[in-house]
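Have a look at the structure that comes next, please.
Chain IDs A, B and C follow the sequence of writing; residue 1 opens each chain.
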Amino acid sequence: MKNLKIRGVWLVLMIAGFYLINFLVGAGVIDSFIENMIVTIGINIILAVGLNLIIGYAGQFSLGHAGFMAIGAYTTAIIVAKLPTTIGFYVSIFAGIAIAVLFALIIGIPTLRLRGDYLAIATMGAAEIIRVIINNLKITNGAAGMFNIPNLASWPTVYILVCVTTIIIVNFSRSRAGRALQAIRDDEIAAESVGITPLKWKLAAFVLGTATASVAGSLHAVYIQTITPGDFGIMSSVSLLIIVVMGGVGSYTGTVVAAVILGVLDTALQSLGALRMLIYAVILILIMMFKPSGLLGHYELSFTKIWDKISSRSNKINPKGEQS
Amino acid sequence: MDVFLQQLVNGLSLGSIYALLALGYTMVYGIIKLINFAHGDIYMIGAFWGYYIINTYHVDFFVALVSAMVVTAILGMVIEFLAYRPLRKAPRITALITAIGVSYFLENGMSLLFGANTRDFPQIITHKTLTFMGIEISNIQVLILCTSIFLMIVLQIIVKKTKMGIAMRAVAIDPDAAELMGINSNHVISFTFGLGSALAGAAGVLIGLYYNSIDPMMGMVPGIKAFVAAVVGGIGSIPGAAIGGFVIGTLETLIQAVGLSAYKDAAVYIVLILILIVLPTGLLGKSAKEKV
Amino acid sequence: MTKILIAQDVSKVFGGLTAVEKVNISIEKGQIAALIGPNGAGKTTFFNALTGVAPATTGKVLFNPNGTEIDITKTGPGKIAKMGIVRTFQNIRLFDQMTVSENIKIALTKNYRESFLDTILRTPKFMKEEERVEDWTNDFLKKFDLYDVKDVQATNLAYGMQRRVEIARAVATEPKVIFLDEPAAGMNPEETNELSKLIKRLQTEFGLTVVLIEHDMSLVMNLAEKIYVLNHGKLIAEGSAADIQADDAVIEAYLGGEHHVKSR
């Protein structure tokens, strides 16, 4: 009963958010400039939440997230060039996921045995290899990239997919899978000693995280309508890592907050040129210095906890208060 | 065969630059387990210092090199003091993000001050080509190789023979135990940053002479390549970093020579991943298996 | 009596150093066995070889859970755990960031029946599984007197309690054999006493075969039905508590040269 109510609260929040944006767009408060910002933030949320699953829950330091985004973006661009319909777009999302998962397995099975920084550098290398391949293929139009991609998604599609991917990842993390991952992160040897196969669970998290990255890539392609291999370099992976760490490693709420703050900051400073990156760098260093565990640390917005707090308080007032 | 040897010589010159950079990565990583993302930008600053001092004061190569090393050493220590020292006890990923922040700061600060455009590095040494057994070697290549190897030998002596070197190794192995032995780990870490940064500064001046052009973003790609070199060699190992640098430099040049230059970066990363799969801690890295 | 675990000529060599040399033991089903020996005798190394953490260099390890012998010499620790041999560690290894209850649930990972789709869609099946596990865990924790601390983070528990959680977590995987690596280390007499009762219950209540490494001789002599003594990597004696206490080689190993000199 309690669970159903809490799910209801989240559902209402998501729908309310949708109608709020819808209303603001209709009222002209959100112009195309701000809409662009919102969509970018949404795409970054999808990417960073997936990356937080890999880094925060599985404890696997991946520096190659943008490579998987590239797979989704290019798959979609290629498919919708032939099939420029909404159906074509959805087909391309699933095709992108399939290819990304395949790559994640090829890359993950050997590299997820590596530890910490070695894994980071290996995943970074893997993403660079993906980028170089795209850079040299005919079908992806090489270094020039692909342009005039039909615009098949606007903010509502992005909004819905943000909700769907976040629900999937959060639910996955709050299950035996998430617990197994945390166990492996805390102490791999102990986890193995109780019959957990570390590689299997790490791979599951890696595959799921990269699949959502591919979805984000697909959205990026049809919204921005132009993609080049340069969009998916190391620096893109790094900026996703920044979102995760700034929000708090392991806190999905933090990831969303950091993605929004950085997205707004980025847009607000856009006219400043090189000074923008300088300010960005200073803010980044200062946040890390004063909040080393990220803005929200391990905090997670949970209506279950809020619920428990309220009900325990009402129980104190009325000891016989019924538990619903 | 001649072509191969020719490319090998070219590869070794490029490799020695990577090696100089990789040494800084490996020393810093060895001592505080930080991937110092800003290291490539120190190299950029070294190149810019060389550019500035040669153009303004018309100094010779030697003065430019040594002064660049001094300036970058100080810069490295200042960065360590301001940005990394407060994070000594913070999660490692936090320090990494700070290093990325410092890197952005240096790149964009330099762009803002000097403009983002590419500049010609003053050619203080007249370019001469020596022919030796059918292989062409420029005097600059010889200079790069000799300077790098000389600096590596000096580094090896510092690390192996001096008191500071012993302290560096002690802090790298166990900082707490080193503190108990009366070693001030902050001084040692600061010294390590200075040493690594000086090598990067030297590499910056050398690359300016070699490629004849510099810009504020020039440190990014070589920085990453040099880090890969350090990992290939076994991060934390000084001879490993030198070997890794030469391996990556030579590999890149050879791939280019066989006409696959579009794939040279991919080749570097494929080699990296293969080496890590076979030797998870690189060529000379020590495997640290957890005791149960 | 069936032999549930047999080590045949097990050796472990590190570089040039032979840490364990041709050790033969066979543990009977339902027994409490103990492995003792001075520091550096190779006990933990031998343990690691039996539990797959660091496989034996030569020799064989056979496991006989239900009538057929399986060669587990080269099997990894994860698989061995699934087959029914679990262990605890000398330096307690709990999942520090998790509560006691979550630590136990980790051990049940393989027993869940819901699928990935159930998980992400939060289907009734998922909810039922979570509830089933929750109930099972609560009952289980009560058996180990841990129910009251079930929501406490593992790091915040007292040492003796942490040890108890670690043993409970191992038992929750429903093993056949449990290895305890120095369970009484660092415990006060009262805690050791509690531990002793717990180990006895593992045998009687949970039907487990127990193998322990321990330095606390009163605990070993009290509990173990069969004792193996290791010194310098070699098995120097085996038998009941009384046999071991009377064994010359054992006395010499423990008292070393001093005794040697005196006896001359």
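Side notes on the structure shown:
Heads up, the rule we're going with is that a residue touches a chain if its C-beta (ideal position, glycine included) is under 8 Å from a C-beta of that chain, and two chains touch if they have at least 3 such contacts.
All values derive from a computational prediction rather than experimental measurement.
Two chains share more touching C-beta pairs than any other pair, namely A-B.
Taking the mean of each chain's C-alpha atoms, the chain closest to the overall C-alpha centroid is A. Ranked by separation of Cα centres from chain C, the top chain is B.
Here the spacing of chain A and chain C, counted between their Cα centres, is 41 Å. Centroid to centroid, with C-alpha atoms defining each point, chain A and chain B lie 33 Å apart.
Note: centroid distance chain B to chain C, computed from Cα atoms, is 49 Å.
Within chain C, contacts with two or more other chains are made by residues 53, 89.
Each of residues 189 in chain A touches at least two other chains. Chain B has residues 292 in contact with two or more other chains. The touching residues of chain C, counted against chain A in their complex, run 51, 53, 76-78, 81-82, 86-87, 89, 93-98, 102, 105-110, 112, 114, 116, 119-122, 126-127, 130, 133, 169-170, 172-173. Those residues of chain A whose C-beta lies close enough to touch chain C in the complex are 3, 7, 167-168, 171-172, 175-177, 179-180, 182-183, 186-187, 189-198. Per the touch definition, chain A reaches chain B in the complex via residues 55, 61, 110-111, 113-115, 117-118, 120-122, 124-126, 128-129, 132-133, 135-136, 189, 234, 238, 241-242, 245-246, 249, 274-275, 277-278, 280-282, 284-285, 288-289, 292-294.
For chain B in complex with chain A, the touching residues are 29, 33, 35, 83, 86-87, 90-91, 93-98, 100-105, 107-109, 111-112, 116, 224, 227-228, 231, 235, 262-263, 265-266, 268-270, 272-273, 276-277, 280-281, 290, 292.
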